[in-house]
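Each of the two complexes below includes chain A, the first together with chain B, the second together with chain C.
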Partner chain A sequence: MARLQIEGLCKGWDFPVIDRLDLTVEEGEFFIVVGPSGIGKTTLLRLIAGLESADAGRITIGGQDITTLPPYKRPVAMTFESYALYPHLSVFENIASPLRARRLDKAAIRKAVTDVAKLLRIETLLDRRPGEISGGQKQRTALGRTLVAEPQVFLLDEPISHLDAKIRHELRLQFHSLEELRRVATLYVTHDYAEALSLGDRIGVMGHGGLVQIGTARDVFMRPRSLFVAQHLGQPAINAVAARLTGEGAALQAHAGNTSFGFPVVAAHAAVLARGDCGQVTVGIRPQHVRVLHNGEDAPGHHVIDAHVEIYEALGANGVLVADAGGVNLTALTSLERDFAHRQPVRLALQTDSVFYFHADSGDNLLL
Partner chain B sequence: MSEQTARLIRTLLLIFLGLWLILTLFPLYWQFITAFKSAAETNRTIPSFWPEVWHFENLVSVFAEPTNFSALVDSFIIATGNTIASLVLGSLAGYAFARFPRQAGGENLAFWILSNRMFPPVAVLVPMFFLFDAMPWGTDSYLSLIILYLVFNMPLATWLMMVFFRDAPRELEEAAYLDGYTPLRAFVKVTLPLVLPGMISVAMLCWIFAWNEYLFANLFVGTQVRTFTIVIPTFTHGSQTLWNLQMAFSMIAMLPPVALFILLRRYMVRGLSLGVVKG
Partner chain C sequence: MSVADMPNAEIPGAEMPDWFVHKKPRANLIVARWVPAALVGLPVLVLFAIVVYPTVWMFYHSFQDTNMMRLFQGNWSFVGWDNFGAVLSSGRFGDSVVHLMQYLLFGCVLQVILGTILALTLYEIVRQEWLRVILLIVLVLPMMLPPSIVGVLWKFMLTPSNGAVNQALLNLGLVDKHVEWFNAGVSLWAIIIADVWNWTALPLLIVYSGRVSLPPAVYEAARVDGAKGWLVMRRITLPMLKEVIAIAFIVRFMDAFKFVDLVYVMTSGGPAQTSELPAYIAFQRGIREFAIGEAAAYAIIIFAISAVLITLFLKYLKKVLKAQGIA
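Right after this comes the complex of A and B.
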């Protein structure tokens, strides 16, 4: 049973990067760490790989404490964001590298490398050098080098973020179907929320110092613990509006100061919000919960507000509309058939039962 | 720019290059023809620009003194020995400065090593002689010059290797650690091949310096060990200089570095441009 367990991990230079981080990744689990650039995701992987030494805390794999082991003695394999392929060696030798380190015999190495290459569909490239293959093929080669090592823990650092959209999608599907990755504990780091939601058994959102929220993709997306989490998952980003809650009970209203933007809080939310002292809040509305109404269309169960179009972008599958709703800029997702002109008046329907309320200072989700 | 001006600039450039070539190649040409002249012909007031009779036997007669050939061998041993020592020490130091700058003593120590090249060598000529004389290997030995030339070549090797190691991505070494290689094996498998072109150009620079050195060799060695650089002046006698033999001998001495350069020129150019072009 090779589960990866991290307890109280600390690492910092002039400032703390990882502060008392706890995490358990089960055998066979695909765990995704998602977070903005420069937050310490790669540092976490490097700590597990042994490329950085922890200031405090314990890392165990399958019960064995590896906190102070050098990287070449740890049962982990890692892909680097830059792929880190050896430029002077062929694709074959790159993949064979971990086996050469163990001094396996030639026939065994040849068989293992060709098997992995077939699996990743790069068997025709084995004689080429890394400089002679495309980005996607480099990534497959790097992946092959980690797969062939048969480690107990896989560490994948932004494996597909530098590839173009088509290959990214293809490789994402491949990650879904690679049995080898599904047998051991895998830690996958990305800044792309779509990758995280698509691939992870569980995801962890990384903020300053550590993991802010851990859960299934659906859980984290639907029930973000804080504004930071909500802002990080979703494209376009969630609308965050500083607002004041006024009124009592069923008449509770959210109102953005100095503007005419406001809407009634639904009863279910009002019941929760009334318990806390939360006059000043940040209201979070996902763009897919703001609908642009057609002329004369009704939206029962929604709060309808008048607005003007500020910016409209047609993005292929859908459109993104930014509208001025009484002094507050709201982003909405629209269908493609429609087109909008600057300053054109529109009516927006807010799905008020899907709105989040966050604490104005701490950013905590007040509905949880 | 009109076509006429462009052509004018091109012509001027070609003339300049032609003059430059004459200036740089003339000594070689002079060496070549003098090497095959008779002693009488070399001493004419009005020089001849092509030998009247080709005296190919000059190439043989320079070795009439049997120690003259062994001087070439001695120079080779000293130059090669010093190059190997400079490369080993310079690579280790350069690697340390590139990868662990703080632990290795930082910029100051690296600069101090380089500063050893900055004083005029002749200023320490005499102290060095006495210092080496007191050492177990003495002055008149291979080891004395091999060690002495480290003063000049090791700083060069250290600094150039430091630059080459900095350019070799650290991530590749880290990838090798994760593949299961110990630091030493990772160095040999990954880093060394990456800096090899640079290393070869450093070796060339060190070797040529040690091969050409005259000042210290003239003072230090001469009995047990003789380098070719101190043999060349021996063709000058009290009343007469055998220019033809001197030129014949220096032409022979020129061959090893030229051959080395031709053999390794591919690496040399790649090595010297390694630090220049990023990415």
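Right after this comes the complex of A and C.
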């Protein structure tokens, strides 16, 4: 079975980029690597494709060690962030290029290319050159070139990040429905958390040196192992407030530094937090867990605080409100029906049972 | 719902708004009206004086029986197409066109081929950046010399009795007696050798810079696709450099039509006019022998041939570039 297995992979130039990275992607799995720019996601793909040589560690595909094989001997296909289409060749020839390199006969190439083109709905563009087609079509051509190679491992490097939002959404749907991708191990790199959450069977969040957390999208989003993971997934980003835990047992409170911002820790969390010695923490509250209350509304089970509006942005599906809550800026998601003026007083309801507590120094999630 | 049948809204607002339709042609200018007029006008005046006027003068005299004496006396007269007839019917012109073809084929084409091979070898084989730079400088040195000096140097080197080239050929045993480099039928080859030495660096530089600017991602894609070595060269590098190589050729091609310097210094077109090129004859007839009318006709014929060829070439280039979506 063609599972991709990476053990203790290391690569660095003037500083270590990938440090003892372990990862197994099963056959048929769609694995997403998500992480900020410049963290080494593309390097990871290039190591697997053989475009870079590993400093240490092993890469195996279906049990075969490919760590030192040249790229063309590896059963992998890769799409590049820049698509890397051959500008002087037609779409047909671009897709056919891996087959040409293998010296397949003409009829077989024609059939394979037309099949893939139909699948990707670019069959009418086969005679055009890359300069004459749109970004989304280029992306599909690049994808076609990898599909036609029938590799055991697909490497997709930010395949849809540079397209406009609408086409990105279309292609995201297409990725969901491409059976071809579901039969092999796919490693998909993106910096866009929404893509990661939408597409991945499992996702891996990449931090400095390697994957800081691997799990299902839901798991990683709901139970981030560290502040880094929590900050990277979600838009708008999670509210991170440096706070101090005071009191004991059921009376445990979180207070932010020199401000008046604070709230009681729910009993379930308090029980866990009490076990460790953690006076200083970073409190993480996702914007969707901060609700802006209507006049006179109360929110049972929530901690209600007074604040006033700093910035309000009405976006397409919802609004993003940044409010000053006793010296701490909190971001909240609101519905679009409401409008807010600068300095307008508001009441915020914190869903305190959904708050994360991270270690102030290491950033580890203290509730796990 | 599949991707194909997603509804798409029309993009509204394709008609032109009033303010745009009635916009004054010069409304974009934010300087006084005389500024653009002066900026364009002065260079046009200078160009007119040094380019347009002499060119028109040349066209005019190509239909006159102008020579040195008549020019000073101011009594030249109209002779119709006589000058052109004289040029085209002369064996001298026909021979020079044959020489030109020989020079284009073995001089220019060889320069472009050699330059391309050197450039790509340098890029693909030499891995150290510093070594590449040093080699580039060395290879480009001949181009830094004035052609007249190159001509003198090669005339020395090719001197039959004691020239360096013949000595080397004899010592290596490649020939058993002196090669008479400046005999009829050979002297044009001597010029071509000197010219290849002088100018191969130009296509080299052009192709090298073209190769440097090819996107590396394409080569990585090719490596993953499984293409290697010669296949990459044949299917990716050379096709992508097609236009660049074409431009290198066109530059040398244009120079061929005004190629006088080496001919003048090395052979003066001899012996017996066997190494003459059209531009050299025009120079010889006009500047040395003051047959100004005939020289003008020569110049116009050369101009016409090169204009036709270059127009065809540019059309081809435009087509290629358009197909790739560059232009």
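Throughout what follows, the second predicted complex is superposed on the first by the 368 of 368 C-alpha atoms of A that agree within 3 Å, B and C clash if a C-alpha of one lies under 4 Å from a C-alpha of the other, contacts with A are read in each partner's own complex, and residues count from 1 in each chain.
Here is the rule we use: a residue touches a chain if its C-beta (ideal position, glycine included) is under 8 Å from a C-beta of that chain, and two chains touch if they have at least 3 such contacts.
Computed from a predicted structure; not experimentally measured.
The superposition on chain A brings chain B into a clash with chain C.
When chain A is checked against chain B and against chain C, the one touching more of its residues turns out to be C. Using the contact criterion defined above for the overlaid structures, shared-chain residue A:His88 touches chain B and also reaches chain C.
Of the two partner chains, chain B and chain C are each touched by A:Phe80. In the overlay built on the shared chain, the residue A:Arg121 is in contact with chain C alone; chain B does not reach it. When the two structures are aligned on the shared chain, A:Gly35 is found in touch with neither chain B nor chain C. In the superposition on chain A, contact of A:Gly284 is made with neither chain B nor chain C.
Once chain A of one complex is fitted onto chain A of the other, the partner contacts of A:Gly57 are absent, as it touches neither chain B nor chain C.
By the touch criterion defined above, A:Gln174 lies against chain C but remains apart from chain B after alignment on the C-alpha atoms of chain A.
Put simply, chain A uses residues 49-51, 70-72, 74, 76-78, 80, 82, 84-88, 97-98, 100-102, 145, 149 to touch chain B in one complex and chain C in the other. Looking at the complex, you find that chain B touches chain A at residues 169, 171-172, 174-182, 185-186, 189-190, 193-194. Of all residues in chain A, only 46, 49-51, 70-72, 74, 76-78, 80-89, 97-98, 100-102, 121, 129-132, 145, 149, 170-171, 173-174, 177 touch chain C in the complex they form.
If you check the complex, the residues on chain C that touch chain A are 2-4, 6, 215, 217-218, 220-228, 231, 235-236, 239-240, 242, 323-326.
Residues of chain A touching chain B in their complex: 49-51, 70-72, 74, 76-78, 80, 82, 84-88, 97-98, 100-102, 145, 149.
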